[in-house]
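Two complexes come next, and they have one chain in common, chain A, joined by chain B in the first and chain C in the second.
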Partner chain A sequence: MAEGRMPERARLERPRGDRGDRERNQALAALTLDPEKIRGKHAALCFATMAVMLGLPLWWKTTETYRAALPYSQIGHLDSMLLRLRVPVSVVFIQGSLPIVDQQKLPFTVVNERDVPLKCKMKLKCRFQLAYRMAGSHEEKAFKKDTIEEAEAALPLPKEDTLGSLNIFVIPEKSSLLPKDKMSYIGPKRTAFVRGTQVRQALTVMGQRILQVAQSMSLTDEVLAAALGDRLPEDKVSLDKRRPLKSSLGYEITFSLLNPDPKSHEVHWDIEGAVENYVQPFLSLLSVVGNFSMDSQILYYAMLGVTPRFDAASSSYTLAAYSLPHVINPVEARLGSRATSLYPVINFLLYVPERAHSPLYIQDKDGARVATNAFHSPRWGGIMVYNVDPSAYNTTKYPVKVDVDMVPVMEVFLSQMRLLFGIPPPQMPENFLLGDPPREGLRSWEVDRLVWARTVENVATVVTTLTSLAELLDKIGNIVIKDNVASEVYRAVDAIQEAVVELSAGNLELAFRYSREAVTSSEKAFFDPSLLHLLYFPDDQKFAIYIPLFLPMAVPIFLSMIKIIVENQKARKDIEKVD
Partner chain B sequence: MEQVQFLGPGMDPVSENRPHPVPSGESLHWLTLGEVSHGGQQCFLVSALWAPGMKAGPPQPAGSLPLALAPLSTFSKRPLSTAVLEALSAEESSKARNLENRLEIDGFPPSPLVVKDFIVLRGLCSPALGRPGQLLNGHTNNWAVLVCTSRFWFNYRHVANTLSVYRSVKRLGIPDSHIVLMLADDMACNPRNPKPATVFSHKNMELNVYGDDVEVDYRSYEVTVENFLRVLTGRVPPSTPRSKRLLSDDRSNILIYMTGHGGNGFLKFQDSEEITNVELADAFEQMWQKRRYHEMLFIIDTCQGASMYERFYSPNVMALASSQVGEDSLSHQPDLAIGVHLMDRYTFYVLEFLEEIHPASQANMNDLFQVCPKSLCVSTPGHRTDLFQRNPQNVLITDFFGSVRKVEITTERVALKPDPSSLGYSHLKCQKDEELTEPLNYAEQLPVAQIIHQKPKQKEWHPPGGFILGLWALILMVFFKTYGIKHMKYVF
Partner chain C sequence: VAMAAPLVLHLLLALLLGSGGRSGAEPERDSLREELVLTPLPSGDVSATFQFRTRWDSELQLEGGTNHHFLRYAVLPREVVCTENLTPWKKLLPCSSKAGLSVLLKAERLFHTSYHSQAVHIRPVCRDAHCVSVSWELRQTLTVVFDAFTTGQGKKDWSLFRMFSRTITEACPLASQSHIYVDISRNSQENETLEVSPPPTSTYQAVVLGDRRTYAVYDLLNPATFSGSRSLNLQLRWKQFQDIGSQLVPFLHAQRYVSGYGLQKGELSTVLHNTHPYRAFPVLLLETVPWYLRLYVHTLAITTKGKENKPSYIHYQPAQDRLRPHLLEMLIQLPANSVTKVSIQFERALLKWTEYTPDPNHGFYVSPSVLSALVPNLVGAKPANWEESPLFSTMFPVSDSSSYFVRLYTEPLLVNLPTPDFSMPYNVICLTCTVVAVCYGSFYNLLTRTFHLEEPKRSRLVRWLANIIRRIRGVPPV
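Up next is the complex of A and B:
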């Protein structure tokens, strides 16, 4: 090959050496003016432009990660938004509860705002709007009754009895409705009574008292701690914040009867009746918070994971407090789970111990018997041990028939349910009198407190979900955002803004509904399977994929470009020389 | 202060289960013995002592001891209990002993706790004493994602690795509902397995890790990079059942175990695709952003395993690997009867270690780091703890491998009034139930004996392959004979 080329090159070079500069210029001029050459040049340029103008954008467009537009700036603002929780309180003064001077100032409205310190940029303010007025004749009449319960029952239905609102009545200082040492009474509904005063500046003094009552009925620190969890500064975090279940759209409740010894016990429980009479009314009050579905099962030969210890003194068996954590796991494997639903499951287990291990008692840390004979585990559920009456064993016929008395069982399960949903038994200052809860076992304002907590929790969850989604999109390049995901994000942003507006307007129910909508949309957006559409490829792999595509095309284009440039330069130099 | 171990039986001292042990009204004094870090939180190590005339109060930091109990160094190498009791009068010491008993009931074992160079009677760590600005330790549930990424019979050992970890976490209390097990190939049913329905991890068929109740969530071709990432990030299709999801929350500790063939920066899935360390780190970050875990332990047994955790950047992740970058992980336990290696060295020693663990044991992560020294493993196991907030010293093995639940005693009851109308109803119901349940009997069990002794099924007759081929050839020949080649175009 090399020899073959040699003479050719020699032939090419010879004329160069032989002819003078002029001739060479002429030849070059002819060369550049040669129409064939020019057409070739144009073609090469055309290809190059096509590749750059059309090919590159096309390649870029088709290989880019699809990202629908998202409201980044709005999401950015969410992080540092101001959340104002307005609690509308109507304060009614009964005749004689205020000095005459102050009475004339009524009616008017006082707003009290309190900052809740948070760790993050979000600001939280609790705003109590106290609307003062004098009592009407109907209300006056109710307070002629002898006891406070009767007075409460006789009160006309308040105009505003919505979720989250409060009605506080101020009764005369000397009133006999309240016991002497009590300052206030908090009823089972959204009503409270506060003792009035006759001192100077009575309204200021009363304002403080009313505020205290209103606070303990709605937005206590515990409520906020339960809702905000890790956003509160540590010194404010209460220990039982891990106990309640997280906010969810629905809950599955399973009642299980464990009968490890069916040879000796034939256990019957009227779970249907108990659910109908006790659980259903309880849950119907909570239905604002989520959907509940219930089922029950009986498990035979389901053992606890721990062997109880025999206590000779009382000839009974005991489960010590420290062994309780190991009880649940072996049982849980038997409980089964429903495949269809993704809501959190709450388990309530009634354990009837084997005959060999009964009676069985749970001991607390001090070694004392637990009155309820029950314990619960945060976010999981509760277990109660139900001992068979020992006199039932005075028979020769086995299995012994056991009819479970559902009332004590349900008493325990409902109190556990309260704890698991985050409604701990209220802790009130000494001088507060607490009304008995109604038959359902839940006070209206306790439900309100839960809804407050859930709304704030939902808002916080949505804010974290959306901001972390935005952050992730920024950080990780290959996340795809499809149009439907984007629309969910928009919906979530809209809903949360609505929720914030409604919260500051004091419409708790609406706010809660919006916040739930926002949670649903934002979760849907975050967990949409299409986000994980592309797998990650490192850059060197991408390079390896595109090289075989681009190289065959790029080489001729680049070479011709280089040639054109070189020729142009040469031509220009020659022209200069001619000049 | 580094050597402190809390010896509550399976309990976390930092929890709501441990209230202030000082009964109100009694004048007790807290003796602060020093500070320890527990759960990323600085705690005071205190011992409660009775002292006359002193009010119960919050513990004071070490150095401001008002007691005439002498500086701590004087107790060096002696049980504090005796030292303290000596220092007190007879009456006082009896009260102190009472307190000791109470503490014992409280769940603290009698054995003294060792604090580097002196011995302390009791260690108490109350979260109320923690300094602000530090995280509370606490998880309420445990999850495990166990992945074997290899196919084919000669990768038997990877399946055995995964199943042995599965067996350990299950034994230590994580229920199947909280374990996502991904097995790429089913060695137990492999035709080359001389012992069907078993997977052994030890030579001479000593330990069968394929127990009676192995619940595989993702098997064979379902084990893909995509599915794995979907499980982690929660972006699964809506039809996915509960058992195939990782439904963890912000209070979950997650154990992720992976094994297979890998290289620098990737782990191969089934010889067809691979997961890179960047992808894995991004998945963890997405989990963290969505609060899908509280703490995470990542263990990988593969060649150049350390490269897989290099890129992690999310907090609260502790990672372990069987080998450093540039090293191979080696197999162990060749078995002549089965014909393959049964396990990998690293997991083999991890399993040996885990077999010693029980739900209440106090072994910590540092013990796990030392499980497989280079002399045994041949490769150099690595670990990474810089993202983790707590000192590995204070992280119990059971925080990840087991599931010890927090429980609380229920003390409250809701007062319910029995509904008289419902009583009659329930009575009726009960009677009805009785009538129904009376004739119930145990169900006929599976006729195992019959199944075992039945004759092998007669094979159906199929014409031999050559016959079919010949038939086709004949048909074609007849076709060409009749129409000739040129009519081909009418056929096609």
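Up next is the complex of A and C:
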């Protein structure tokens, strides 16, 4: 075939050296007329289009990391959402607590909203919804009692005594229920009493008082600081703000009795009875927050990591405050329950010092003895030193039998537990009277405050987790998102939105439940091991695989494309020149 | 004596309770007993067995007895022995490693031994004869065999300090009993072959593994043991060697091996030896074989002295791929003074490529088979009081006067499975790329290039030469 065509080509090529019309025609002919060349060009173009249209998408599709669709826009909105915490407060006026003029205006509702400045884009508003009304006959009857505790007990059960709600009763100004110098009384339940007034604009004045009481019973600055931590501007968080335990589905509490000197001491503690009497009731109130499991152990030859200093003046041994951080680590190696639990472990250690080092006292920073002889480490637990009565050593029989008096020990452990969970003893203004806590040791509104803090903390955590997941996905292309991870993300987003809705509706319990669900789902999604499957697949390995495949295919296509372009341009130039 | 050290880790009950958490009206100490048994072996090696038994009365009760559906048996056929096994084990001891016999547990000495076996047993124990209430028993044992002969410059003498580089200064104050036993049975009445110092305060006779043994006893709770010096450094000196030929062979011992060639089929064989001179006894053999060895049960053959030995009981549960191993349990009668071979053929399965271990050519471990038997004694023995007899004698409990219970584990096996070429994906890529490069390149050229003949351009010299040749040939010139 080639031979047959030869004369024609020869004829076409020969006149190239010449100039003029003939040349132009022939150049045109060379481009357009040679069917073989045109076919070659078409073939090359076909290859190129096939490679681009079919090959590239196919390669892209088959090597793509799988990413299920995620609600990116919703996650983006979470970052800058408005979180409104609504505290429903019912305010009940007893006959005679208000001027008659103001009484006639009742019932009505006042809303007070307060902005909490945050460092991040999220907005936080505390909204107290005060529903004013006059007291009913039952309630009036209760206030005929002599003491405030009796009055409180005689009150009919409020219609909505739910988590987070408050009932405030305004009593007449001259009422003898409150001591003269006290303005308000905060009870162990979700109830408070405020002294009324007869001045003009009484409702406005009362509004301020009621708000102060309501705030100190629910969303104080401490509660918000515990919940939001770093997100608050620095000046709001003081250094001594204790870091409470992180919100978790459950906690494991371990009581350990450390007896480093079994030769001298035979220590017995009735931990089971103590847990039943003191710890269990306390934790049953906290059961809204999480599940608790408890265990106990006795460890022998478990030493503190620090040798106490001998104080000749009092012939006792002291542990200085600066050495306390070194106490925990050597002991912790022996505790050994951390490996078996999924939940955070809280340790309570009762240390009976060896005979050579007793009595042992803990000193605070100023060198004074700590009255409780105990200290705690945030998010870890507490240690108490229990000194053996020195008169017990007046014997020849060793080991000395030591029966631990569990009451002071449990007092210390429970107050440490309060600190660890972020329920510090409430600090009230001077003119507030604080009711005694019930037998269980926790006031209802203290639990509410903890639940408020936990809910806000959960919401903030979920927002951080989800936005950082979205950010990570944006930055690192190799992260796989499987369908189950995506469904967890969806669940978390849904739950968090529900939680926000419930918070603004004032349903604390539901909101807390949703927020916990959101935390579980978001953590599950964020820490799913399948995310990392392809994370460490480096680019150079990819190229090592692709280059041998693509180079022999791509190079001829590229070269012929370049050739075609160059020829086209040349031909155009030729034509222009001829023109 | 097996010198290899397979650490059989039994996960009988993953129930680890601390030693605390008691209740009840009268506070009573958890009872702890500790014990060290030293047995000089005829080869010059010394075997040391530590036993620690903690027993506590706990309210943890079994509700409605034991449900055997929840019984699980798991074996890790091999684990590299290291201090990470010892540290948590030591933490379970009430005295940790601060006092008592546990002072001797120094990791760098224990792991330089010829044999190392470490165990944790936890089980409920009846508190009284009627078994109304249950106590829990945590028994920790550690057996090591020291090669005293080579480390002692050819001398077979040893002392506690030479073995453990520590001596004992006190008993664990929590222990109700703390004893050291030294096997001195080789001292017959006529000739004293070995000498122990300091001299023991008492001796103890027991029937262990069917034979009568004599032990020198040191009671660490007795202050007289430490009289003279503040620490106890037990020493043993051989006066004259016994010939090794008179060594006592256990009545029941077993071996296991894999045979066959190639990577398709193979055979698992277990050889059971009964060296008892005149008594036959039955043995319960339990084999768990991983699913990737596909057993052919019809090839199961049990032969004794060349004749077929029919097992009186067989229980077989076939494997399920990736779910369950084969379970084969048989009750086999072992005639006196005989060797019985149990063999079964298998086929090796091909695993999915992600199921292979990082070093697949090393092979896969197959768990040891377990032998349980009541082995008859040579001498009569009284069933000992569980609580009063030393701990070591309850390791092989005497059921009645004529036999003792023993459970043996054979060695784990290493079986090679057919392994694919793991560089295969890369090879495939290379091959494909070559093929693609060659085929695609020529195909592409063929389709896109145009071919034409080019007129040969010849130089003048060539034309001149060609014309000369043509002229010679008589052809007209170009």
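As a convention for this text, the second predicted complex is superposed on the first by the 481 of 579 C-alpha atoms of A that agree within 3 Å, B and C clash if a C-alpha of one lies under 4 Å from a C-alpha of the other, contacts with A are read in each partner's own complex, and residues count from 1 in each chain.
Please note the rule applied: a contact is a pair of C-beta atoms (placed from the backbone, for glycine too) under 8 Å apart; a residue touches a chain by one contact, two chains touch by 3 or more.
Keep in mind it's a predicted model, so treat the numbers as computed, not measured.
Of the two partner chains placed around the shared chain by superposition, neither chain B nor chain C is touched by A:483. Once chain A of one complex is fitted onto chain A of the other, the partner contacts of A:268 extend to both chain B and chain C.
Of the two partner chains placed around the shared chain by superposition, chain B is the only one that A:407 touches, whereas chain C remains out of contact. Between chain B and chain C, the partner in contact with more residues of chain A is B.
Once chain A of one complex is fitted onto chain A of the other, the partner contacts of A:40 are limited to chain C, with no touch recorded for chain B. Legend: residue contacts after superposition of the two complexes on their common chain; A:221 is shown touching neither chain B nor chain C.
In the superposed model, A:399 makes contact with chain C only, not with chain B.
In the superposition on chain A, A:295 contacts chain C only, with no contact to chain B. Judged by the touch definition given at the top, the superposed model places A:553 against chain C, while chain B stays out of reach.
The intersection of chain A residues touching chain B with those touching chain C, taken from the two complexes, comprises 266, 268, 270, 272-273, 340, 403. Only residues 16, 18-21, 23, 27, 29, 88, 91, 94-96, 98-99, 173-174, 429-430, 432-433, 436-437, 440-441, 444-445, 447-453, 455 of chain C touch chain A when the two sit together in their complex. On the chain B side of its complex with chain A, the touching residues are 8-11, 16-17, 102, 105-107, 127, 130, 132-136, 138, 140-141, 173-177, 225-226, 229-230, 233-238, 241-243, 245, 247, 249-251, 265, 273, 276, 278-279, 282, 285-286, 289-291, 359-360, 403-419, 422, 425-426, 429-430, 433-434, 437. On the side of chain A, the complex with chain C involves touching residues 2-3, 5-6, 9-10, 34, 36-37, 39-41, 43-44, 47, 256-257, 262-263, 266, 268, 270-273, 295-302, 334, 336, 340, 399, 403, 545, 548-549, 551-553, 556-557, 560.
Per the touch definition, chain A reaches chain B in the complex via residues 229-230, 233-235, 237, 239-240, 242-243, 246, 266, 268, 270, 272-274, 276-278, 321-330, 332-333, 337-342, 362, 364-367, 370-372, 374-380, 382, 384, 403, 406-408, 410-412, 414-416, 418-419, 425, 436-437, 439, 441, 464-465, 468-469, 471-472, 475-476, 526-529, 531-532, 535-536, 538.
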